[in-house]
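Below are the structure tokens for one structure; questions will follow.
Labels run A, B, C, D and E following the written order; every chain starts at residue 1.
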Amino acid sequence: MTSARSEAHEPTRAQRWRVPLVAAVLAVLPWIAPSQALAVNILIYGLYATGFNLLFGYMGLLSFGHAAFLGAGAYGAGIALARFGVGWFGAIAIGVAASGLLAVLIGALSIRSRGIYFSMVTLALAQLVYYVAFQAESWTGGENGLRGLTVSSLRIGPLSLNFLDPTIKYYVIFGFVTAALWAISRLLNSPFGATIEAIRENEGRAQACGYDVRRMKLMAFTLSGLVCGLAGALDALHLSIVPIDTLYYQTSGLAVMMALLGGAGTFLGPFVGAAIFLLIEDSFSLWTSHWQLFVGAIFILAVLFLPRGAWGTLVAWRADRRA
Amino acid sequence: MAEPLLAITDLNAWYGPAHVLQGVSLHVGRGEIVALIGRNGVGKTTTIRAAMGLVAKRTGTVRFDGAEIGPRPSHARFAAGLGYVPEERRIVPGLTVRENLRLGLLAAGAGAAEEGRAIDEMARRFPRLGERFEQEAITMSGGEQQMLAIARALLSRPKMILLDEPSEGIMPALVDEMADLFLDLRRGGTTLLLVEQNVELALEISDRAYVLDQGRVVHEGASGILLADPTIRDRYCGI
Amino acid sequence: MSRTLTDLDRRTVLGGGLAALAAPALLLRAARAADEPIRIGFPTPLTGPFGAEAKDQVRCAQIAVDQFNAAGGLNGRKAELLVRDDKLNPGEAATRTLELIEQDHVACIVGSLSSSVQLAVNEVTKARGMLYVSISQSDTITEASDFGRTTFHEALNPHMTAGAVARHVFKPGMKVAILLADYAYGNEMAAGFRRAAAAIGGVEIVLEQKHPFGTADYSTFLPRLRSVKPDVVCICNFGRDQANSIKQAVDFGITRQARIVVPVLLYNQRLAGSPEAFEGIVGGANYYWTIEDRVPSAKAFNDAYRAANNGAVPSDYGAYGYSGVRLVLEAMRRAGGVGTDAVVRELEGYHYDTCKGPETMRACDHQAIQSVLILQSKAKAAMKSAADLFDVLAIEEGSEANLRSCADLGHKT
Amino acid sequence: MRQPVPPLESSASADTVLAAEGLGKRYGGFVALADVSVAFTRGRLTAIIGPNGAGKSTFFALLSGAATPSSGRIRLEGADIAGQAQFRFARMGIARSYQITSLFPELTAHENVRVACQAVHAPARRDLWRGRSHYRALVEEADAALAQVGLLARRSRPASRLAHGEQRALEIAVALAGRPKLLLLDEPTAGMSPEETKEMMDLIARLATERTVLLVEHKMKLVMGLAERIVVLHQGRLLASGSPDDIRVHPEVRRVYLGEGRSGRG
Amino acid sequence: MEIDLIAVQLFTGVALGAVFVLLSTGLSIIFGMLGVVNFAHGAFYMTGAYAGVFFLALTGNFWLALAAVPLLIGALGLGVERLLIRPLYGRGPDYPLLLTFGLGYVLVEIVRILFGTDGVPFETPALLSGGIDLGGLGYFPAYRLFVIAVTAVILLLLWLLLARTRYGLIIRAGARDPEILSILGIDIARVWLLVFGLGTGLAALAGLLAAPMRSVNPEMGVAVLVEAFVVTVIGGMGSLLGGAIAGMLVGIVVSLTALWMPEMSTISMFALMTLVLLIRPQGLFGRGLAR
């Protein structure tokens, strides 16, 4: 995969400012996006694609099963809310944990295979999760989806926020997403971030240097799953339902498309990709029911002519100009 | 003066950002054995891979048998009569010796009878291979595999063969056998361009030689003269 | 964060910096609200396997809106239909519904086609006190756990359709096998057959064969189905699943020994399948255009549709679209405004006839009590035109006796 | 017919860092290495020679943990480590360089080495949170290794954009990272100019004063001048082992490897 | 009675397996030769069924369609390889995978535009409609027997092609080392082109054969793609024999689960795959984790 420049050991100016930068853009997003619901989707799917990118862009593993982690986060949080009456914050934590646990399981199975096999194995395992969730109707609501988890107000200490208010909802979710991005940014700057890049660059050499490559892959897989799980939990809170489609393999494909459109292996690329994708879908589906034709075609063109993605091309262009 | 069979002019080649060949020019006359010598990594293999059209990024001209073949793909060069025995021999795993040999005849589209005749002839020429026709080819020893690779290239009766390190990893006894084979081929009218690390061997059997260093030709001349020049060996050859 | 900002039409605001400038516009908007059109949000799956049904729903809903406007609207206020593609995806539907409520300020939502999508829309509307008229089949939505004060179900439900078909087909002494898709909707349909069989008495259910939802090949379920030698096979699934399973059941010779019945026989799915595969299949429906010879409102609806669509006839799901929109607009007119509470009061217990004869909106669970058509698919030779697909075997008039009681649904009565 | 002349010296002693005992490797039916026993003494530079296909690469792969032996033992300071994962070999202090340059191409020269240092530094290796620069010692160690191979000036350049010779040097620096007990160098001078080769020889000689070095090399002159001990492999078996002088006169080695005729000196 | 039922069920599983085999073969051939995971395989399958609809409307002859559809969609595959996939060779295996993923969307949408979203009827050809009494197995649709036979014939032909012809030798050698073929005068780009066409032609044939059994609609390739992946992963990617055995195995496992645990019958193939992966990550007949 087209890779980003390595994270220098001293964070560059761009790296130090990337989280504040994305936070600033996202802070004004509701006022520039066509609708607030779309802005929330950009937050959530941007985070989802970023989680996916952790594995794909930074470690070079193309998973086609990340829907499982988005879904596990959503169902985990949703079931905690709807069936056990857990508070909203606890529910998010449970969603993230559920997704992390699932990632350990699927990761342990799938990292045994490489390259394209890895993609197919993750795809098939995620489908297995989908069918299991479909059957476990008493827990998940099956095909009808999970319902009864509407959170209408958030209690934060003495404060009570009206979560049905779209603006408040947006900024609550914004808070979580920004915090997650900050954590991911730190993670990428950490020694672990260096390790996964090294494994992407040359797995054999990393092994010879003394890295337990399997373990590192599993860790990256799990972290990626945790991030996607958070996105899923937030999505459950946002939509107040968990549709079974969350787990379907086309949701996995969505992460791939978004990361690639924006620029895999760049920090902001997945967010840019999510925004592009959702805006295209939103605007095209208003005037034609054949919007998938355009989405598919744009994706094909991106693979052919813009393999670094929109943001990735910009980053590379700037780097070239500096060099 | 007759046009040489192969004439390479100002060949440049890149692997990624690395500029591996920087203006290599050389020619091989009909019926000649020409050696290309130099240390590891100076561009010998790249030169013949580029001549065969196997290097993606390259510039310069390659004329073969009176025609410019620079832009042509590898398989068209083969069709023009240019054979190539790559360094790693490239015996295809999973195929028998016979099947590996048949690969050399695929492009000709020979009929079964014709194919059988050609293969039988090779069996006479390389009795070691003839004994092992139904064996999986990669289970043979390095020398036998090298013989197979050469036999495979010979089946289509090329005008010229590019040989990359034919003596590498081969028992001394076999190396001598191979040297005799090359001389024999020349007598039969086949032109050879030989890349060799074994400088003595290369210079002893070749008519002329080019010395490559850092992607450039730094010396050329009759093999006998180069062989007599100890500084060539010391400076440019990897021993 | 200022609460007022959220009420702005965001398309007019270019950035956060401009937000402050927009405050005067807000006052203007309040003043204008009275003569603004009544917006009806209409999520429907234009993309996906039910695209044809969805497009027909839109056509029919538009007829209802046009008729309302032609009749003077609500004291001069016109209605406007905002169609959104829900892509048959509950998440998408929820997002579109949020947009319709938060940004387009619709007066109500009408629509949806699948069980899961309507439940998703319902989840969003009921939390926000938004009026929602569902026009797709589901037993769940009127049950107490999913029911909302502002939720109305204009469509039939599996209990009603399966019951009506069973009452028409089942006879004492019959052996009945059920093939059902293993998800809520499939189980609801099967339950409908089971209850009806018990009520009739003497009907033996010899097998309930479940299959996973979305199966492409049913052959693996058919040998056992055949081995119990039923007189009637009830196929309890929907759409593609139904078309596939019927076709394969016929292939495996089920129809040589048994009669196949389905709770819902869809107009468009029959078109997508072949007349041979469907020949003789009996099923229920909310609407079929030929009832116009006995139901005057159907005639009026068909004529309006024919006029707008070059003489074509509306489909069953199209009729839902018309009925749902017309119902809510009529209630608004009678309430004299779009205030949710007033409209809900009007709708509860409302007697009406939109296109298929008299209906009543039951007050306790907001389920429309209405007739069920029993249709039989015609043989190819018997079809007089491309739209002549079914014989109407019977019309079971709407009756509360055929519904589950509100107590059964968990409502406090 | 191929009864090998007994090795000149092979028994382990107290000074042995690494010892191969009856080491063998087969791939399917193909025997790549059979029954090789050699002991490597602390602080010495040993060269492994032999014609192509003699089993040098296999031997090397086994000693560095990249491949698992089919038979025999590998003892590191007495403990059998055969069968352990390759990364454990590295963490126990066995580092290797590659004949065909094997780096992290998109990472800078510095980052290449620093990542390698980090691999054998447990706290850093496990750290997911603090910045990379938090571990000053690793940064300094990496720069020191770069300085040792003369690449400090190039530290911020991506490995893929270094010249061939520089990449070879970086290859060594990566192997040096984490101060291994045992350094396995696979043809470190492959494709180098005489000047570069000379520098590399000097570097290897310096390195060998501080640690045990194993060297696979083709260039006999380099090997004879540098190694204190030479191990000769032939057709997957140990042919001989001893001082350069012993090897030079070893009859079997002369016959199969060094040679006498025109096809000789490979 | 139960034993009879099991026998019928096994046989039904074989018929189901035949479809799986047909489906995975094209996928496997393309992967084995080009190293491309064709995510548009399901879409080509669907396109094959629609091409059949088109041909039937044109000629009314199923047998003509059976011959023409694989050629037509095979030709479409040639165009796709030439225009879209070829520029991606050498850029890593992920790119063709991603491109075909996008292509799947485009093909489905084009079919929706041309043929509508509803799906279209597809009659069983008159000659093969009805059933055959298989003694103890009872009545069995003749068309499914035909599909089993066609699958067997296709497998036999493929085996003959690979084992006995020079094209087979080219393909076998090219799967291991494409460059050596270039050196020996074979236009490898053309071989890849043709193999891609062959793979898509097989997908189309599978779709056409499935059309009279299942309904024809634009989404019919979606679930099928994942099923083909599962079969291919179980069999070992790139292995023709593996795909054939895995296809039958999956068919039988799904069929028997349908008998005893019907709700689990879809899950069963994924469970089987997980089990196989635990024991042999490269699949039953895979060549290991290379590539």
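Just so it is clear, a contact is a pair of C-beta atoms (placed from the backbone, for glycine too) under 8 Å apart; a residue touches a chain by one contact, two chains touch by 3 or more.
Nothing here was measured: the structure is a model prediction, and the numbers come from that model.
J.: Which neighbours does chain B have in common with chain E?
T.: Neighbours common to chain B and chain E are absent.
J.: Would you identify the chain whose Cα-based centre sits farthest away from the centre of chain B?
T.: It is C.
J.: Out of B-D and A-C, which chain pair has the most contact pairs?
T.: Looking at contacts between chains, A-C has the larger number.
J.: What whole-number Å value describes the gap between the mean CA coordinates of chain C and chain E?
T.: Here the centre of chain E sits 37 Å away from the centre of chain C.
J.: Report, in whole Å, the distance between the mean C-alpha point of chain A and the mean C-alpha point of chain E.
T.: The mean C-alpha positions of chain A and chain E differ by 32 Å.
J.: Quick one: chain C and chain D, Cα centre-to-centre, how many Å?
T.: 74
J.: By residue number and range, which residues of chain D touch two or more other chains?
T.: none
J.: Quick check on chain E: which residues sit in contact with 2+ other chains?
T.: 112, 263-264, 266-267 - these are the residues of chain E that touch more than one other chain.
J.: Among the residues of chain C, which are close enough to touch at least two other chains?
T.: 47, 51, 182, 212
J.: Return all touching chain pairs.
T.: A-C, A-D, A-E, B-D, B-E, C-E
J.: Tell me, which parts of chain A touch chain C in their complex?
T.: 27-28, 30-38, 41, 131, 134-135, 137, 141-145, 147-148, 150, 152, 164-168, 171, 235, 239-241, 243-246, 285-286, 289-292
J.: Name, in rising order, each residue of chain D that touches chain B in their complex.
T.: So the residues of chain D touching chain B come out as 29-30, 51-53, 160-161, 164, 190-194, 218-221, 256, 259, 261-266.
J.: Which stretch or stretches of chain C touch chain A in the complex?
T.: Residues in contact with chain A: 1, 3, 5-6, 10-11, 13-16, 18-19, 46-47, 51, 55, 85, 87, 89-91, 94-96, 98-99, 102-103, 115-116, 119-120, 123-124, 127-128, 140, 145-146, 182-185, 212-213.
J.: Note which residues of chain E are touching chain B in the complex, please.
T.: Spelled out, the residues of chain E in touch with chain B are 90, 166, 169-170, 172-173, 176-177, 179-189.
J.: What part of chain B is in contact with chain E in the complex they form?
T.: Touching chain E: residues 52-54, 56, 73-76, 78-79, 84, 86, 90, 92-95, 99, 102-104, 106-109, 152-153, 156 of chain B.
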